[in-house]
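Chain nomenclature is as follows: A, B, C, D, E and F, assigned in order of appearance, with residue numbering initiated at 1 for each chain independently.
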Amino acid sequence: MSTLGFIEYESASPEVRAVYDDIRTTRKTDYINNFWKALAHDPATLRRTWESLKQIMAPGALDPLTKEMLYIAVSVTNQCGYCIASHTVSAQQKGMSDAMFSELMAVVGMANETNKLVTGYQVEIDERFRK
Amino acid sequence: MSTLGFIEYESASPEVRAVYDDIRTTRKTDYINNFWKALAHDPATLRRTWESLKQIMAPGALDPLTKEMLYIAVSVTNQCGYCIASHTVSAQQKGMSDAMFSELMAVVGMANETNKLVTGYQVEIDERFRK
Amino acid sequence: MSTLGFIEYESASPEVRAVYDDIRTTRKTDYINNFWKALAHDPATLRRTWESLKQIMAPGALDPLTKEMLYIAVSVTNQCGYCIASHTVSAQQKGMSDAMFSELMAVVGMANETNKLVTGYQVEIDERFRK
Amino acid sequence: MSTLGFIEYESASPEVRAVYDDIRTTRKTDYINNFWKALAHDPATLRRTWESLKQIMAPGALDPLTKEMLYIAVSVTNQCGYCIASHTVSAQQKGMSDAMFSELMAVVGMANETNKLVTGYQVEIDERFRK
Amino acid sequence: MSTLGFIEYESASPEVRAVYDDIRTTRKTDYINNFWKALAHDPATLRRTWESLKQIMAPGALDPLTKEMLYIAVSVTNQCGYCIASHTVSAQQKGMSDAMFSELMAVVGMANETNKLVTGYQVEIDERFRK
Amino acid sequence: MSTLGFIEYESASPEVRAVYDDIRTTRKTDYINNFWKALAHDPATLRRTWESLKQIMAPGALDPLTKEMLYIAVSVTNQCGYCIASHTVSAQQKGMSDAMFSELMAVVGMANETNKLVTGYQVEIDERFRK
């Protein structure tokens, strides 16, 4: 299941329960992902990670769906199966259509290709792109 | 400059010039990035890459700015300096504000962190996220 | 099981058996990991890899447990499921507590995050950090 | 220098100055790394990243020098030049000798090699390493 | 099976069928890999990817088997399980012997190791290797 | 130049000189790459790495030029600037033409793209590709 196993709500410490409660309230669901139940062995990291994620993924200059798609782009590039599976569902719930998903994939594939072409050809950065 | 050097418009074959012309028309600028000038040693790859990029980055279910930000997310995850430099400028030209850039970076950083936490803890994919 | 299958002790050549014997003696266990049984199709690589690993992971300026944790840090960053699974068990056998594991994960996650933030922001290396 | 430039202490907002002050106090130095001066354009990310880093890198079940070496292991695997440069200096200041550095590098190199061998040979995880 | 499911020949649109037909003709087999059946939800990407792959993997200055082995080298470095599995079979069908596979793996492992050693030691590029 | 600096032949220990001598003899050149001069601070790793490299890159079931191109494929995928620069020169010296280089790049780019497409679409491995 996970290196240290999962901590369920019923057997969680008050500190962990408080995070679980906040996840449930924020996400409007009773479901707690395996990720959080695995992290709960380290309450400090659980809290820090959840607080950071909540803050970062909230609406801001970018909308939550765009943020989910950026998350997927990173997760695919890193070949993280869990992250792709969970954030794809999450993006779909926030309104990602099949057409949007397909375009997202096409961009991610293309970017990975040109990243390597430019590096392999040892292309120097254009003067106008330098800081 | 680049492994095989750059091919400038003046010394380019008609086949390469045709791609350069299309880049200039499509992007409404006379400037040809070093990337294309390096790729021009292989006209087939130059054409294929440009045609694919033009098709993929065009407006569709996702708007061009979102696509540029996805490109940056991939390029940062791959640590591709050239790609980050050129696509950041490109995204700014398409309207990415400093606030949008900062949120983009925060999401990319967070996704890279949780990708590794979930992998390191060997978290099994939740049944509900499986296909 | 593996691309070329596993070679068991009973059907191994003398050259492979000699490596298996050394693994058993060094690790004080009869168990031979799948990794070695897969590599055994290439006795030269089997011997070279085992000899290198034995030399590198031995006590030196760094203790064996620290080395195991470094191995995990790399394996998590590379998203190598097999390596994470085997080296986590190995580190636990050498004394890694759950608290140590959790801190290891927190550092690995954080490093992956800041690696991308610094790259994404295109931060120039401080003069004082240059060689 | 960096995508959005650096924010120096003199021109920083009170919110940013508070973080800079804490960095100076915690690290017992007046010097603020370029990384923080680049991040300061996004005070929320600056604060969150610094607070997380301070918490994670503090002495705990693992000592600060081990944590620095883990940071280097990740940064090398990610090919992050800035991170390698800054954390190598940091580890040296915390007592990493040349011999420790060399062993660290040997482990990182070896882990990257075997990560790929095991993946390339498609080796199935041993039953005893499964969770 | 895949995020959007597979599209079988029988239920495919004429546009998708045309690509499937070309795959079958080119590869001299009736079998369509899962990859193509997953991509078929996005006919433009299906066509573009297939056309590019067909062009790139055709005999040229490099022979098809060498190209398959390069594909494997990349896929192993990226830890892409699907790609390793499918291209290993493909390379074997094109004549890759077990000895060739083992040498391929040894080179890939070694390159991954020295890539990190050179980066970790922050080795400056030799003047003679610069463009 | 490098974290610990370079060790030149003149100031090298007999153990290091022996490796340098073997590099010179094997490669038929007086030039010692910066990589070896940086590694020389750790004679055991210098010797082990050189011996492994010499063995792995020697003619076998695969010819030396193919091996150099595989090295480049890995180095590009890892974004290792030093490795790309040095192995590109090395491959050219062994006969890699510009046309071969361009095809190599095209395959590497394509493989990186499809690696991500297949992962992003969460495509299950075909039964016939499983071991």
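The rule is short, and it goes like this: a residue touches a chain if its C-beta (ideal position, glycine included) is under 8 Å from a C-beta of that chain, and two chains touch if they have at least 3 such contacts.
None of these values were measured; they are calculated from a predicted model.
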### Task
Show which chains lie in contact with chain A and also with chain D.
B, C, E, F
### Summary
With centres defined as the mean of Cα atoms, the chain at greatest distance from chain D is chain E
### Query
Out of A-C, A-D or C-D, which pair touches the same way A-E does, with over half the contact pairs the same?
A-C
### Message
Of the chain pairs A-F and D-F, which one is connected by the greater count of C-beta contacts?
### Response
A-F
### Most remote chain, CA-based centroid, reference being chain A
F
### Message
I'd like the Å distance between the centres of chain C and chain E, where a centre is the mean of that chain's Cα atoms.
### Response
27
#### Entry: Gap in Å, rounded to a whole number, between the CA centres of chain E and chain D
34
### Summary
chain E to chain F, mean C-alpha position gap in Å, rounds to 21
### Message
Two or more other chains touching the same residue: where does that happen in chain B?
### Response
1-4, 44-45, 49, 52, 77-81, 85, 88, 99, 102-106, 108-110, 112-117, 119-122, 124, 131
### Complex interface listing, chain D residues touching chain F
79, 88, 98-99, 101-103, 105-106, 109, 122, 124
#### Entry: In the complex with chain E, residue positions of chain C that touch it
3-4, 41-42, 44-45, 49, 78-80, 131
### Message
So in the complex, the part of chain C that touches chain D is made up of which residues?
### Response
1-4, 31, 33-35, 38-39, 45, 49, 52-53, 56-57, 60-62, 66-67, 69-71, 73-75, 77-78, 80-83, 85-86, 88-89, 97, 99-100, 102-104, 106-108, 110-126, 128-131
### Message
Can you tell me which positions in chain F touch chain C when the two form their complex?
### Response
1-3, 5, 44, 48, 52, 55, 131
## Note on the structure
Listed in rising order, chain A residues that touch chain F in their complex are 72, 76-77, 79, 81, 84-85, 88, 104-105, 108-110, 112-117, 119-122
